[in-house]
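Pasting the structures in now, so scroll down.
Presented sequentially are two complexes of chain A, the first with chain B as partner and the second with chain C.
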Partner chain A sequence: MADLRLESVSKSFGQEEVIHDVSLEVAHGEFIVFVGPSGCGKSTLLRLVTGLESVTSGRIFIDGVDVTHVKPSDRRVAMVFQSYALFPHLTVAENIGFGLRLAKTPAAEIRRRVAEVANTLRIEELLERKPRQLSGGQRQRVAIGRSIIRSPKVFLFDEPLSNLDAALRVLMRLEITRLHNRLQATMIFVTHDQTEAMTLADRIYVFNHGRIEQSGTPMHLYNAPANRFVAGFIGSPAMNFLPAKVRRQEDRFTAAIGSSVVPLDRSLRNLPQGEISIGVRPEHMSVVDPADGDVEATIEIVEELGAEVIAYLQIDATAEPVTVRLPPQRQVVPGQRVGVRLAHESFHLFDSDGALLG
Partner chain B sequence: MADAQARVAAREFNPWRAVLVISLGCLAVLFLAPTVGVLLSSIKTTREIAFGELWTVPRTIYLGNFVEILTNPAVPHYFKNTVLVTVPATILSIALGVLAGYVFSKLPFAGSNLLFLVIISGMFFPPQVILIPLFQFFNALGLIDTLWPIICVHTALGIPICTLLMRNFFATVPNALRDAAILEGASEWQVLTRVALPISLPAIAVLATLQFTWIWNDFLWPLIFTQTDENRTIMVGIVNLRGQYSVAWGVQGALSLLASLPTLIVFLFFQRYFIKGMTMGAVKG
Partner chain C sequence: MERDALYWRVILLAAPIAVFTALVIWPLLSSFYYSFTNWNGFNPEYDFVGLDNFAKIGTDRLFASAIINTAIWMVAAIFLPTLLGLALALLLDSKVPGGTIFKTLFYLPICLSAVVVGQIWIWIYQGDWGLLNTVLRAVTGSDFSYAWLARPNTALGSVIVAWSWQQTGLSMVIFLAGLTSIPDELLEVCDIEGATAWQRIRIVVIPLLTPATVVVVALSVINSLKGFDILYIMTGGGPFHSSDTLAMHMYNESFKKYLMGYGSAISVVLFLIALTIIRIYFRNLRKVDEIYG
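Take a look at the complex of A and B:
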């Protein structure tokens, strides 16, 4: 049985509908990531699951029970907030035990369970401190501690890493993965950072304008994006999009990128003639001599990252800059004229509305 | 070299700074002068004061004024009445302000902004406008010459400023704290009492100090609503120490000093919160 199921959930604020008919299922123990740009409705959806916001239509089931009209504290969900939302006047121990104290749990039992949680999160020495005396990472752990003490059915994380610096974010990502492995709990994690989504998720839901654009495993979304939005959102550096014109030549299709013509996959049978967009991942492009490439380009900026080189190029035929991922030994310099070879078999073709072709 | 010295000299003498220091010094003297006058009058005989020696340094410290007010049977009544008015009116106005401020800030409803403005507009009515209708109202209820009208009026007049301050303070309390508490099982009342109020102590300290001082020092309403010495508050009591044909400057000075002690104690008690409360939100913590 799914731990969480949403059936045609919609949410409006006044006249404006921000969540449009969203249905999804989360199995027990799954780590799900809701990803999407700011304002796409992912955090609102999380608040609908908690009950902090009520749905306009649709139903929410947790562990098979319809909780659509159940109050937040009875839904057996716990949430870690972006700002941690620790109570500043309480110690760490009091913060973690806050819910148990409200539920009038005996003091000895609260102490025992707080100690247990502190041990799990390795924050025993912080229990008597106030939140202002903690670092960002420690606050994060305390917020997680407060969420796990009541053994909820579903854990919800609302962009919990976005206030941390880059190094700490990586560390906390690992911590959360370890915690998930240890607790085997159902977790839903909201982020606008596709790297977090790719590294944490068993399955990702990509949101845009209050709708699910696509769901699937990280690699499925990476390799087979359902539309141009997902293709551009998942992957870093982002996928390149080259404007092209489709032509039919006898039994096969070709695409004209400016004055250069590249062949398209032989298996394609049905393509509209006219303007399309060719999506190519940075690692599916290579830099060669100007005469040997599919298109010619000028190198603008080179970022040497040690394990790889990221080069930003201006293709002659298009106004769009493109990004190419190169092996570290590849020597390129800004201003250099190069040819760019495209891996034709890795093309993703989209029509002018962003829908996948072929 | 000479250039550098000139620059240093220019930095050392800043005329604006001097003007500022002198202005602040003058202001401090202006503010403190009446207090010093009261202090000096309290330790001088009425005769000395009558001969125009109020501002001279006293040759001897005369404590007869203090003895006189401490043995005056009306004075304990004045103090008792003032406490009976000030403490409940301060607590009630702050309590109502907290409740209203929380609702306006965290639980807005259709028309709540308008209602908030209506409540706040109460601050801008001069008391003289409502004086006569209120007198008639309490007279009709038979409450003239009791402390009840003073408590009621001060509670009501305190609601706008208490609501304004608490609403603005609660607005700075992140909504995520309320959300977190609700998810943990807190009711709205528990969110207020266990989360919002404990972190609002600086704002409450500011309000407690202001309300206590205003109500304690009020002269107008007790003058209007009380008629006998048994029900006078301290500020009216000070005036009542005046004789029919003479002005007891020394005795009044002594009682004024004693009367200002409670507000001073309240301010000292709350001052560390008070300063924090007044500057709250000025810098990002």
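Take a look at the complex of A and C:
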């Protein structure tokens, strides 16, 4: 049985609908990531699941029970806020044991369970401190501690790592994965960072403007994006989009990128004639001699990252900047004239509305 | 450079220090000085009497009752407006219909001077046609006529009610500001973790209002120490000195009985009391700072 199910959930604030008819299912133990640009409704959706906001229409089920009109505390969900939301006047131990104290759990049992949680999160030596005396990462752990102590059905994380510096973010990402493996709990993690989404998720839901654009495993979204938005959002550096014109030549299609013509050598049957956009990931392009490429270009900026080189270049035909991922031994310099070879079999074709073609 | 900064510091601080000296330090020191004399307030000739004035305090029955009244006055003047202001703020912070109107109404009295407030309440307490007795008569159906301010049992209490009525608006506004500074997420954690309304107020809201409470209590302490005018208007310390506070007693001794020396001794005691309260206050302020600062 699904731990969480949303059926046609919509939410309006006043006249403005910000969540449009969202339906989704999360199985027990899954690690789900909601990802999408700022303002697309991720937080709102989490707040609907917790019950901090009520739905305008639709229904929410947790563990098979309709909780649409159940108050937050009876939904058996726990939420970790971006701001940690720790009580400044309570010690770490009191913060972690907050829910148990409210439920009038005996003090001895609260102590025992707080110690257990502190052990899991490796914060035993911090228990007597106040939140002010903790680092960002430690606060994050305490906030997580408070959420796991009551063994909720579903954990909700709203951008819990965004206040941490880059190194700590990577560390906490691993911690959360480890925690998920240990607890085997159902978790929903909100982020607008696609790298976080890719690394953490069993399954990702990509949102835009309050709608689900696509869901699936990280690799599925990466390899088979359902539309241009997902294609551009998942993957870093982002996918390149080249404007092109489709032409039919006998039984196969070609695409004209400026004055260069590239064959579309897939088993494509019914492409519309006219303007399309070709999506190519940076790793599906290579830099060759000017004469050998599909298109000609000029190198603008080169970023040497050690394990790889990221080059930004300007394609002559389209004046579009594109990003290319190169092996580290590849020597390129800004201003250099090069040819760009495209891996035709890895094209993603989109029409002018961003829908997938073919 | 260093010397330049010092120079400007001295220049800029000179004016406030001069004003402070003329209006605070000098009267303070002269009070200390006159408390060792038998000066009557206008005669240029007077004698030093050593600690006689302070010894007299020990045997002054009116002083003893004034001390008790001052204690009652201060405790009530701190607790009543603070608690009432907190209760009103908690009530009006949730979205009550007409909340803004109520906030304005409760805040209004603070804009009135103590003289006006005193006069309003004199009318309310008036025996024959005062609002309070009129209401009581209507409710009980009896022929009730009680001169609240003219009876030793109720004089002080009645003034305290009037005072609290005026001060509550101020503490309410400060608490309301304090409430808006509590992050929404903390209250949402309460919802998710299942706090009852009372648990949420007791375990989360009131502790988080500590900075606001510090301000409210500070203002209450200062205002109650200064709170002489409303008492003067409403009862003048009477009847039979039943509502005398230390300030009122000092005023009576100095300016009615012309015992300026003795009055000064009383003011020295009052000063020491104020000093002690303020010291306790500052010591606790530091603790608050450590948690919320």
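Here is the rule we go by: the second predicted complex is superposed on the first by the 357 of 358 C-alpha atoms of A that agree within 3 Å, B and C clash if a C-alpha of one lies under 4 Å from a C-alpha of the other, contacts with A are read in each partner's own complex, and residues count from 1 in each chain.
Operating definition for what follows: a residue touches a chain if its C-beta (ideal position, glycine included) is under 8 Å from a C-beta of that chain, and two chains touch if they have at least 3 such contacts.
Keep in mind that what you see is a predicted model, and the values were worked out from it rather than measured.
Chemist: Please tell me, clash or fit, for chain B and chain C sharing chain A in the overlay.
Modeler: clash
Chemist: Let me test your reading of the model: by the given contact rule, A:130 touches which partner, first (chain B), second (chain C), both or neither?
Modeler: Only chain C; A:130 stays clear of chain B.
Chemist: Just chain B (first), just chain C (second), both, or neither: which does A:317 touch?
Modeler: Touch status of A:317: no partner.
Chemist: Applying the touch criterion given at the start, work out whether A:73 contacts chain B, chain C, both or neither, answering first, second, both or neither.
Modeler: both
Chemist: Once the shared chain is lined up, is A:50 touching chain B (first), chain C (second), both, or neither of them?
Modeler: Both partners.
Chemist: After superposition on the shared chain, which partner residues are touched by A:357: those of chain B (first), chain C (second), both, or neither?
Modeler: Neither: A:357 stays clear of chain B and chain C.
Chemist: Is A:261 in contact with chain B, with chain C, with both, or with neither (first, second, both, neither)?
Modeler: Neither: A:261 stays clear of chain B and chain C.
Chemist: Just to be sure I follow: which residues of chain A are touched by chain B in one complex and then by chain C in the other one?
Modeler: On chain A, the overlap between the chain B and chain C contacts is residues 50, 52, 72-73, 77-79, 81, 83, 85, 87-89, 98-99, 102-103, 146, 150.
Chemist: So in the complex, the part of chain A that touches chain B is made up of which residues?
Modeler: Touch list, chain A to chain B: 47, 50, 52, 72-73, 77-79, 81-83, 85, 87-89, 98-99, 102-103, 146, 150.
Chemist: Along chain B, where are the residues that touch chain A in the complex?
Modeler: Per the touch definition, chain B meets chain A at residues 174, 176-177, 179-186, 190, 194-195, 198-199.
Chemist: Considering the complex alone, what residue numbers of chain C touch chain A?
Modeler: Residue list for chain C touching chain A: 183, 185-186, 188-189, 191-196, 199, 203-204, 207-208, 210, 291-292.
Chemist: Mind listing the chain A positions that touch chain C in their complex?
Modeler: Against chain C, chain A makes touches at 50-52, 71-74, 77-79, 81, 83, 85, 87-89, 98-99, 101-103, 130, 132, 146, 150.
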